[in-house]
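Please read the structure below before turning to the comments.
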Amino acid sequence: MYDVAIIGAGVVGCAIARELSKFCGNFCVLEREEDVCCGTSKANSAIIHAGFDAAPGTKKAALNVRGNAMMDALAKDLDIPFRRNGSLVVCTGEEDRGTLKALLARGQKNGVPGLRIAERGELLTMEPNLNDDVICALFAPTGGIVCPFDMTMAFAENACTNGVSFFLNTEVTGIEKKADGYSILTRRTDTKAEDTVDAKIIVNAAGVYADVFHNMVSQSKLHITPRKGEYLLLDKDAGTHVSHTVFQLPSKMGKGVLVTPTVHGNLLVGPTAADVSDREALNTTQAGLDFIAKTACRSVKELPLRQVITSFAGLRAHEDGDDFIIGEAADAPGFIDAAGIESPGLTSAPAIGELVAEIIRKKLSLNENPAFVPVRKGVLRPETLSMEERNRLIAEHPEYGNIICRCEMISEGEIMDAIHRPLGARSLDGVKRRTRAGMGRCQAGFCTPRTMEILEREVPMSIFDITKNGSGGTIIVGQNKEA
Amino acid sequence: MKYYDLVIVGGGPAGLAAAVSARDCGIEDILILERDNELGGILNQCIHNGFGLHTFKEELTGPEYAARFIDQVTERGIDCRLHTMVMDISVDTEAGSFRKKVTAMNRTDGMFEISAAAVILAMGCRERSRGALNIPGFRPAGIFSAGTAQRLVNMEGYMPGREVVILGSGDIGLIMARRMTLEGAKVKVVAELMPYSGGLKRNIVQCLDDFGIPLKLSHTVIDIEGKHRVSAVTIAEVGADRKPIPGTEERYTCDTLLLSCGLIPENELSKGAGIALSPVTSGPIVNDSLETSIEGVFACGNVLHVHDLVDYVSQEAAAAGKHAADYIRHGNKKHAKTVEIRSTDGVRYTVPKYVRPTEMSDTLTVRFRVGDVYKNCSIAVYFDDICVSRRRRPVMAPGEMEQIILEKKKLGEYPDLCSITIRIEK
Amino acid sequence: MSTRELTCIGCPLGCAVTVTLKDGSVTAVTGNTCPRGDTYARKEVTNPTRIVTSTVHVTGGIHPMVNVKTSSDIPKDKIFACMDALKGVRAAAPVRIGDVILSNAAGTGADIIAAGNVPAK
């Protein structure tokens, strides 16, 4: 019997798991994918929002501002790549100045520090590639950029180190109420083996599926609409086209198309916002990609769209009430939702973790975990070392001298680190999210066979079982010259 | 810091031929840096035959062609460091602005610096990826560049799929259509965005027609299905604007999509060094000695511009080796007059882009590609406004390199020459 | 009388060549622009042949596979028989260019020879 079972190993589930691991208890996380960070958390704008966007008084507003404030300490403790590059919401016509001022007022009411409106003259010194018709912008110095993979991995690895159990490839198929909690019916996505997990408390952090699980136990129904966001990712050569995160004034369908550097030096453009019915519809569309290219030019000029290296889509979990749903379901004691977590969900995740853990601590009267380790080291990045340090490292571990991914200059040592760390990588995408091997301009053309060899040797696992992202999606289907 | 006269970045066909040539021109102190664990580069995975007809007057497989140059390098005792990645190239300020600093790394030596009098860039090219092609759809396993699939099948012995759709009719795509078929896969269709194939006629006949594989010109992939592994691909016909025509969609169930949609010279090191690149070729801009915008740094092979035949790579690399040797011995004639070669009317670019009439060799081969299929047209060469040659060609296509020869003697007859223009004329 | 439509592979022009046959012998070749088209078409309809290149597994080498080719061109309709004959063949390292891997493949009279070097591990 677990004290708490968390459904979903996205950034919210993992942030909650990490906060819970500060207390003594028996906690687990159930995730249907083969890795953490496989849903909404892996495909979003990778932004730490300042917090001027959400309506004052909403959970979104409060948790955004709190989450943003927590990021400096978290990034330090958990070794998460994070930079406060500042964000701009650009205004392209005098008629919209009122809307921008309203946004300023809203942000101030939400408690966003340092907000102000900057005029064109100043803006051009901050961001020379802004479009010619930009007249002014809301400047939010606390806006930042983060690696969402690293952020989720950091929470998960640290939670794992502090004793939380993670069950990957484990799908929840049903929930039954028991006298002292819940019985969760599960099925392995790889072996199809069925099992049950008993827990006093369930945390529902299931992203676009959160309404499904909520509605299994509660009569007060939720309804989540997957809202698709498509993105274009540009080569690092284009990474300095802007230095701030450049938003357009929000519209009814969301925040519009943003242009932002990523924390790894690429340029990210997107997202679209289209409601879809299929919770698995992670496909990009021609219309979507065309829309991004067209719309992005409204705020930033001369976008080098020839330098696109990949496009991707994510699904935000939009709940009908338009706010985060966090707390115990009224008619299902011990079932705690962290649902409807759409933007600014990534930013809010640390604060959601804190909030949900506090609810559970009170409910179960948990004691502090005296053995809690608050720090986690990310995958060692040799590029951050001096030549002398790097050579000492290679002398001790020659794998760090062997470059596997030539676009991102990722060594065999880093890939081995990704495989052997807590909740280590077992797929090509798992390696990619932890190390960036395969994330560069050739998009894994050269390193795929070599990364497969390393997985085969280090896990160890059969080369025929190596997948891109789990569930039978193997890279190779057999040997040639088979009889 | 180690010192060499000449450092060659890349041990593929270009690097090998450059090394042999530089040694034969008297440069003793040469180092080849190769990132793979063997010499030969991409030729090692090109197991089909047809290489070397110009160079050796016989048809060889890629590994056989490579082996002949590797033997020449070995016979000459040229230093090679394998499994070594070049991280950076810069001008070595400590040694004066003439030497270049090459920073490289491997398992045994760690990260180390080499000072070189001259550097030859021979890093080759990479394939255009799905992302760069902006193909919408899902992102499952089963989408490979043709070259990645070629490596898996030919070198590792693995099958990347059973039912295959190929986008792009460049030679690698055609070769892989046959290769996968011979290994038991079903290649359902080859789609080509352009109204003509970028591949050799011989490959269309012997790789597609021989096996009844349809080639659909003016078609592209508009959707990829499958969450974890490709399950289907939809192609559609494109109009003159190369945009899909609604209503022409055809869906193919398959587990694999191979992409053979063009090659891009790999010039990250060149960019890092501050070398000027051509927006057309994505390779360095060079003069008649194949010298880049940085003195003493030369380029050859597919890093300079994508070639159709390896024989031409070897020829060009031999020239680069010779010119690097000249530079090492005699330095650079900095103030020599330079004439630009302009490419217009169907000529997309030329390599080289600049020629120095007083410094050039007796003859200079200028290579280029055309932007469309031209039948019964001429390649015309103008010295300023004067047409100095016009050569009839029954057919020219973007997939094949064209060339003209410039003679030093002839250029000498035009002392006031400002520019040379190469164009296609009816 | 019968006709065969071919694409000449002599140059990028790719002439559509029509070959007329009577009792298995060529009576006319049309559509070609140059003599190469004629020669190609006659050979292709009467005795089409190909060099086959492939790979076989290697034991004890630094690579798992070695590339091979037929020592001469073989009849086109023997390509798959030749591929079948390579299944299960294993070459022991070291393998050198020119080594005979399989004699008289699929009864074609051509040998399968190594076209790459694989040193022993």
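When the chains are written out, they are named A, B and C in that same order, and each has its own residue count from 1.
Rule of thumb we're sticking to: a contact is a pair of C-beta atoms (placed from the backbone, for glycine too) under 8 Å apart; a residue touches a chain by one contact, two chains touch by 3 or more.
Quick caveat: nothing in here was measured; it's all calculated off a predicted structure.
J.: Let me check something: if the centre of a chain is the mean of its CA atoms, which chain is farthest from chain A?
T.: Comparing chain centres, C lies farthest from chain A.
J.: Which chain pair shares more contacting C-beta pairs: A-C, or B-C?
T.: Result: the pair with more contacts is B-C.
J.: Grab the C-alpha centre of each chain and report whichever is closest to the global C-alpha centre.
T.: B
J.: Rounded to a whole Å, what is the gap between the Cα centroids of chain A and chain B?
T.: A distance of 39 Å separates the two centres.
J.: Can you give the whole-Å distance between the Cα centres of chain A and chain C?
T.: It comes to 53 Å between the two C-alpha centres.
J.: So how far apart, in whole Å, are chain B and chain C when each is placed at the average of its C-alpha atoms?
T.: That gives a centre separation of 27 Å.
J.: Two-or-more-chain contact residues of chain B, please, as numbers and ranges.
T.: Each of 153, 155-157, 183 in chain B touches at least two other chains.
J.: Specify, in ascending order, the residues of chain C that touch 2 or more different other chains.
T.: Residues 55, 57 of chain C touch two or more partner chains.
J.: Would you give the residues of chain A that are in contact with at least 2 other chains, written as numbers and ranges?
T.: Within chain A, residues 480-482 contact more than one other chain.
J.: Under the definition above, what is the set of chain A residues touching chain C in their complex?
T.: So the residues of chain A touching chain C come out as 480-483.
J.: Can you tell me which positions in chain B touch chain A when the two form their complex?
T.: Going by the criterion above, the answer is residues 35, 83, 85, 87, 105-111, 126-127, 129-132, 134, 136-142, 144-145, 147-148, 151-153, 155-162, 183-184, 222-229, 244, 255, 268, 271.
J.: Please name which positions on chain A make contact with chain B in the complex.
T.: Contacts found on chain A: 233, 237, 280, 282-286, 288-289, 308-312, 387, 390-391, 394-395, 398-399, 401-403, 406-407, 409, 428, 441-446, 448-449, 463, 467-482.
J.: Can you tell me which positions in chain C touch chain A when the two form their complex?
T.: Within the complex, chain C contacts chain A at residues 55-57, 86-89.
J.: For the complex, give me every residue of chain C touching chain B.
T.: Its residues touching chain B are 6-14, 33, 50-55, 57, 63-65, 67, 69, 76, 79-80, 83, 97, 115-117.
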